[in-house]
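When the chains are written out, they are named A, B, C and D in that same order, and each has its own residue count from 1.
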Amino acid sequence: MTLTGLLLQILQVAIALALAPLLVGWVNQCRASLANKRPPSILLPYRTIHKLFVKDAVVAENASPMFRLAPYVVFGAMCCASAIVPSLATDVPFASAADAIALVGLFALARVFIALAAMDIGTSFGSLGARREMFIGFLAEPALLMVLFTASLISGSTSLPTIVDTLAHRELAIYPSLAFAGVAFTMISLAENARIPIDNPATHLELTMIHEAMILEYSARHLALLEWASALKLFNYSCIGIALFVPFGIAEGASGLGMLAAVPALIAKLAVGGAALALIETVSAKLRLFRAPEFLGAAFLLAVLGMLVNLLLGS
Amino acid sequence: MIEIVLVLAVPVVGATTLGALGDRPYAATINAATGLCTLLAAIALTAHVVAHGPLLALGDQFLVDPFNVFLVALTALVGFTTAVFSRGYMTIEEQRGRVTLGRLRLYHAMFQLFMFTMLLALLTNNVGILWVAMEAATLTTVLLVSLYRTPASLEAAWKYFILCGVGIAQALFGTILLYFAAEKVLGAGGGALLWTKLQSVRAGLEPTVLSLAFVFLLVGYGTKVGLVPLHNWLPDAHAEGPSPVSAVLSGLLLNVALYAVVRCKILVDGALPGAFAQNLLIGFGLLSVVVAAFLLLRQKDIKRLFAYSSIEHMGIVTFAFGIGGPIANFAGLLHMTVHSLTKSAIFFTAGHAAQKTGTHIMDDIRGLITISPIVGWGLALGALAILGMPPFGVFASEFLVLTTAMREQPWATPFLLAALGVGFAAIFSKVQPMIFGETTDARLPARPAMLPVFIHLALVLMLGLWIPPFLADWYRAAARLIG
Amino acid sequence: MGPNGFGALEGVAAVVATWMAIGVLGLLRPRDLRFVRALFVGGAATALALVAIALVALWQPAQSTTLPLGLPDLPFHLRIDALSALFLAMLGCANAPISLYSSGYFRAGEGTAPGLICFQYHAFLAAMAMVLVADDAYLFMVAWESMALASFFLVTTDHRIPEIRRAGFLYLLIAHVGATAILLCFGVLQGGRGDYTFSGMRSVALAGAWPSAGFFLALFGFGAKAGLLPLHVWLPEAHPAAPSPVSALMSGVMLKTAIYGLLRVTFDLLHLQLWWWGVIALTLGLLTALFGVVFAAVQTDMKRLLAYSSIENIGVIVAAIGLAILFQANAKPLLAGIALTAALYHALNHAFMKSLLFLATGSVLHATRERSLGKLGGLIHKMPWVAACALVGTLAIAGLPPLNGFVSEWLLLQAFLFTPSLPQSFVTMLVPLAAAALVLAVAVAAYVMVKFYGVIFLGRPRESSLANAHDAGRRERAALVVLALGCLFLGLFPVNVIGGIDRVNALLIATTVLPAGHSNWLLLAPIATGRSSYMPLIVFAVIIAVVLITIVAIRRVWHGRLRRANAWDCGYPLQTARMQDTAEGFGQPIRQVFEPFFRMQRHLPSPFDERPRYEVRVSDPFWEGIYVPIARGAERIASVAGLIQHRRIGVYLTVSFLTLIALLFFGR
Amino acid sequence: MISTTPVGFQLINLFAAILLLLAFAMLAQRRVVSLIDLFVAQGFVLALSTAVVAYTTNQPHLYQSTALTLVLKVALLPWILHRLVRKLDVRWEFEGLINIPTTMLIGIVLVVFSFNLALPISQLASTVTRSTLGIALASIMLSFLMMITRRKAIPQVIGFLSMENGLFFAATSATYGMPMVVELGVALDVLVGMLILGVFFFQIREQFDSLDLAHFENVRDQPPR
């Protein structure tokens, strides 16, 4: 990898880090306005994160090093992921270091760590949240992989840049299998990012919360990192979705200009995506937790169907 | 020549002396000494054969060929070790008042007489004498089995006498038919009953008569081999007699009876066109293996358990000879050897275990390894050996039998697989808690006479890892003979 | 001696001899603990020697020799080729730390005398080594059964406990039946020529249904040892019963000898592979994997949990082998190579991960005398070393990058993913489903391992007795660290490892996964960089870098001050350790989703219960479904066969008489 | 070599027939004492036929076996049996396992069976022995049947001995006698066996105070728990 490649790589990650909270803010704004509330500032997430950073951390007595390490690992994994996902350019050097499978692996890594951290304090809610998170995870992870497999069957590759190249820059072709994959992917990202109908980021209602239950004990910088990480996660998922289903406008090759040129397109797509997400969240009701398996099972099935369709129709 | 005379004479002399003074305290020693002398004579005989090859002696009346020479050596060996074992064992029995001195005299005399009949049956070249020896063996063992004179032992002896007597009578009729067929070719007179002569003319013998004869001989001697469904005398006889007797019954008598059957098979194979004898042997063998394996599940008495396992193993050997061919026959002969060694060793240990715990019922025997580690390990190793666990020799023969069967008689392998599995489950699940586990009995002071056991097991182990070349040559030659 | 001066075989033989000698030495002074511990260290050193030998042999052409033992026409044949060498290396690598651990682990007065354990242990090792170098059926079977026997005695070390005896019996029984099947398999392979050497079997071209018979006998026999469905029942019984180092050895290495045997028979001894074998093996493997992992999720005994997880991993390996067979039969060597590589790589990984975890449970067991997950917790404070190493093992076995579990998983998925349309159309359809099942299994494995680690090491101690738990001794720690580093190495340097595995590929299916001039030791790209690539080291570096940068940055920018307080937990005042999730609780979602597969007895407390008690017992459906009926059937047959028994003499006479008549009648 | 005179082998066939008849009689007989008498008769006929065979085929060694038969089966064994019966006083055999007529029917079936079993052999046999082998086989079978049907020890033994007779008849008539050494051995075995049994019976009597084998039917193989 060349120096410029490295720089570009860092640039992409930086852009991701910068944009992630914005996306969250935007989604919240859309949700509020859809619910006829006065929307909070779009910059609120930034403020929250900054506020948390300056605070002093309070940690439970029996917290082990695990507890304090976890946020950093999660954050690191998410940054790593954002470096893999071709959000701006396809030919960034790091893309060849990890492919779609590794990407899913990274998400899983983050999940496992946060779940372990949640169990570390030994509170009832923590372990409860951890269990639910892992539960959602073991259903969502295969589904996500299946979605990616569908794409990689089309492009004959598991490395995301190649997939994007194939989907975006080949002459336009209709992939019916991608339709299945798209629906599945939407459901998965809802579940993975702790969104309605699986989880509700805006509540601390004991019976229903999942993600929040795990980070209950966190405060200050650790919490900030976790918030930022989850924002990144949302951003990454959105970028994956974009890369798979509306890959147009992502810069070919790796040149600073091309990358910068790709930014507006990305923002636009993210805006649309965020709005759509907010819409879904507003119109749908939260499922009972026991219904989650069915929801995710459906997603899994759709994804597998996508693969089968692809094999049947050869597209 | 002279060796043969010695081998046969020593036991007779021993028997007569012991008949005279078998109730003296040193009688057991005489018994062991006689066994030793027999063994030495047998070794001399085998050495002679190793040196000069097979021999016919005393007007062709006696025959030593690769097939019976190793059996002679084996018989002498097991007889000796058993005598050594019974030295300790029977004294304890006598102290416990289970046998009177008079009975002890009977025991010693009959033991040597039994050894004589076994050796005679093996060495003779004459079908008729073979029969006489087998019948005499029955009579002696009847007395040995009924030694304790308990109702159970009497019943066992009675069953044994009647069933084997009747069976052996069939064998005599078979022998007569054989003679009937033979004298047409060989003319009247002694020649028509000699194995050697019969084999030389076997192709010319009348098929119909021969097949009929073989059926009678098979039923007759098969009864003594303990082939299912002719086996009913065997468990009782093994269970009710003293342990040394069970050991020689399993270790020697069954082998010799099987030897007779196989000799007959050799003749019939030559005469009959089809695979008449093979199929009969395969059928009987398989039936014995399967039925015995399942009957093992129902046993409560330790000696009875291993009696059934003897039936199973005799079935395996019969099956092997039924398959025929160099490898299977080799395996059958090897299996005869290792089985008699292992099984007699097991009966020794079982006897000790029973003596220590004062019962034959397996559920009442627990934690042998704590009561007496040496007995515990002896039983454990013996059981594992008889179950066909490598590196013991039993595994070697079963390996050859099964692999050959897989190609020759594939249809039989599922039955064998099931039978071996069931047999393993049955025996091991019963033996394991006897060896291990908690026990209430105190650790006994008396050191058991386990030397014979470990000699046998060591030999079996050796045969599993390395077979002496001359022995292997005998096996090969005998296998070729059996065809 | 070998072609270029190095006698690998002699080396292996020497190692085996040393092990046996060590064992016998142990017998000399069975109760002298210090002496025996020293012996175990010696065993570890010998294992290291074995690793060196094997690694050298891996790059050498096959060597063979014979010993002056065995059957008359069949002396013991030894042979070491790439396959043997790879597994020997595995044996050595896994065993060295385990022996080191054992030297610190075994105490006096626990059932069998230490010296006897030492003997059985080293006999077990020697037998495994012999299995791997055996080159004729007889030696193979002898070593194989001796292995079973030695491990049986090790399992029943504490033979006073009836359950342990029962477990041992079940284990030995299934092992024996399996061995008989393997024996019959060799009977098929020798092709009726009476030549039991492997070289002889290679030269036989079986006709008709014989090859399939051979393969399925092998699958049955080796499956019984590996714990393939439905022959797995002994595994969850035997592993908890055995002392932890033994469990580690059995699960980490012994199961792999079964894999070795399967590969040896399928790809080496059989001269052809049929595609439908592959399909069956694949299906069976995946079923096993799913079954194992789902049952692992609901276990409450930590060693049982690990045992079921072993079943899962074996399932994955067998599935990979099945895939390899499928591709090989369809003449797609490269893909077959990838699948095979995945299988071997996963076998290697599992040897490390599972040994590590079992040893960790051993330390926990010694520190707390507690095996039930419901009574553990919070041990990370008391035993940081064990906790740290166990974390590595946990992440690895959960298949997370950048650790080793992920690599094999990645390779296997590659193999699945690039299945070109096979001639058998329904197989083409089957492959993605199989991939889905595999991924599901792996995901559940992550769930299971989080449960395992979280419940044992994290949270608050569920019992007051845990307060005086202590960390493992020095030797134990060293062993754990070595294994953890091994996991890390396998995870970060796959290219180098695959370089070795390719030797086996070259031997078995005459192809290599890495292109000939593959120089980049960072980049793992089996088919083409554009198609799929993975650089674990980079990923690892990036994560570490980000973490460090963040930490430093935060320290610099916002002087991270930190104070301790009670846990908040939504402000609930009362906080007891009993309020954490129990193992049962953690398993609940899985139980709910996979309800139909379980046989559960649940005891729910009534509202008026003085001391309410919740308990759920999950039992193996196969036990009730297959084994109990078989046992009953055997009993029934036995009672039928017993009918002619214990009747009057007249009946016996009649039986003999009828036999005679029948024979006369049909004999004519 | 065989110089057959018509009288000779008519006699032999006659004896054979008588033997068969006696066998049937034994099958039907219930009184132990008369059973023994029948056994004596059988032995006597056997001796005669042996003598005739010896004469017709001028094989001197058969005379010795005639003498042997007379001593053993006409004098010695019956004497022992009688003593036993008197000592143990078991004069009556109660109803056997199967009632007499059925036994007879089975017996006839057996005879037919053994005849056509022996037929092919008789074809190729030298003239004198044409039908005797079949008859010998038949009487063996009948004795076997008798052993099966009798409950008490002594009748069983008698059945056993008469089976021995059948064998002996087969030996002499079909093959002009086995080699002498064999015959001596056989005879010795029979005698010893008889003596052993004599001793035995008293033991049994002590233990069971009856010779009814029903006492032997206590179960040894326990059923599974």
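Keep this in mind: contacts are C-beta pairs under 8 Å (C-beta built on N, C-alpha and C of every residue); 3 or more make two chains touch, one makes a residue touch a chain.
Computed from a prediction, not measured in an experiment: that's the story for all the values here.
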Taking each chain's C-alpha mean as its centre, the one farthest from subunit B: A
Distance from subunit C to subunit B - Cα centre to Cα centre, in angstrom: 44
Subunit B and subunit D, separation of their C-alpha mean positions in angstrom: 30
Rounded Å distance, subunit C centre to subunit D centre (Cα mean): 69
Where subunit A and subunit D are represented by their mean Cα positions, the distance between them in whole Å: 100
Sites on subunit C at which at least two other chains make contact: 635, 638-639, 642, 645, 649, 653, 664, 668
Residues of subunit D whose C-beta touches two or more other chains: 117, 120, 144, 147, 156, 213, 216, 220-221, 223-224
Chain pairs in mutual contact under the definition given at the outset: A-C, B-C, B-D, C-D
Complex contact set, residues of subunit A against subunit C: 53-54, 56-64, 66, 72-73, 75-77, 79-80, 83, 94, 96-99, 101-102, 105-106, 108-109, 111-112, 115-116, 119-128, 130-132, 134-135, 137-139, 141-142, 145-146, 149, 152-153, 156-159, 162, 204, 206, 216-217, 221, 225, 290, 293, 300, 304, 307-308, 311
Subunit B-facing residues of subunit D, complex: 59, 117, 120-121, 124-125, 133, 137, 140, 144, 147, 153, 156, 160, 163-164, 167, 170-171, 174-176, 178-179, 181-182, 185-186, 188-189, 192-193, 196-197, 200, 203-204, 207-208, 213, 215-216, 218, 220-224
Residue ranges of subunit B in contact with subunit C within the complex: 158-159, 162-163, 166-167, 170, 208, 211-212, 214-216, 218-219, 223, 229-230, 232-233, 276, 280, 291, 294-295, 297-298, 326-327, 369, 384, 387, 389-391, 395-396, 399-400, 402-408, 413, 417, 420-422, 424-425, 428-429, 432-433, 436-438, 464-467, 469, 472, 475-476
List of subunit C residues in touch with subunit A within their complex: 377-378, 380-381, 387, 391, 395, 398-401, 406, 409-410, 413-414, 417-418, 421, 428-429, 432-433, 435-436, 439-440, 443-444, 446-447, 449-451, 453-455, 458-460, 523, 525, 529-535, 538-539, 542-547, 550-551, 554, 557-558, 560-570, 572, 575, 577, 579-581, 585-586, 588-590, 592-593
Footprint of subunit D on subunit C - complex, ascending: 635, 638-639, 642, 645-650, 653-654, 657, 661, 664-665, 668
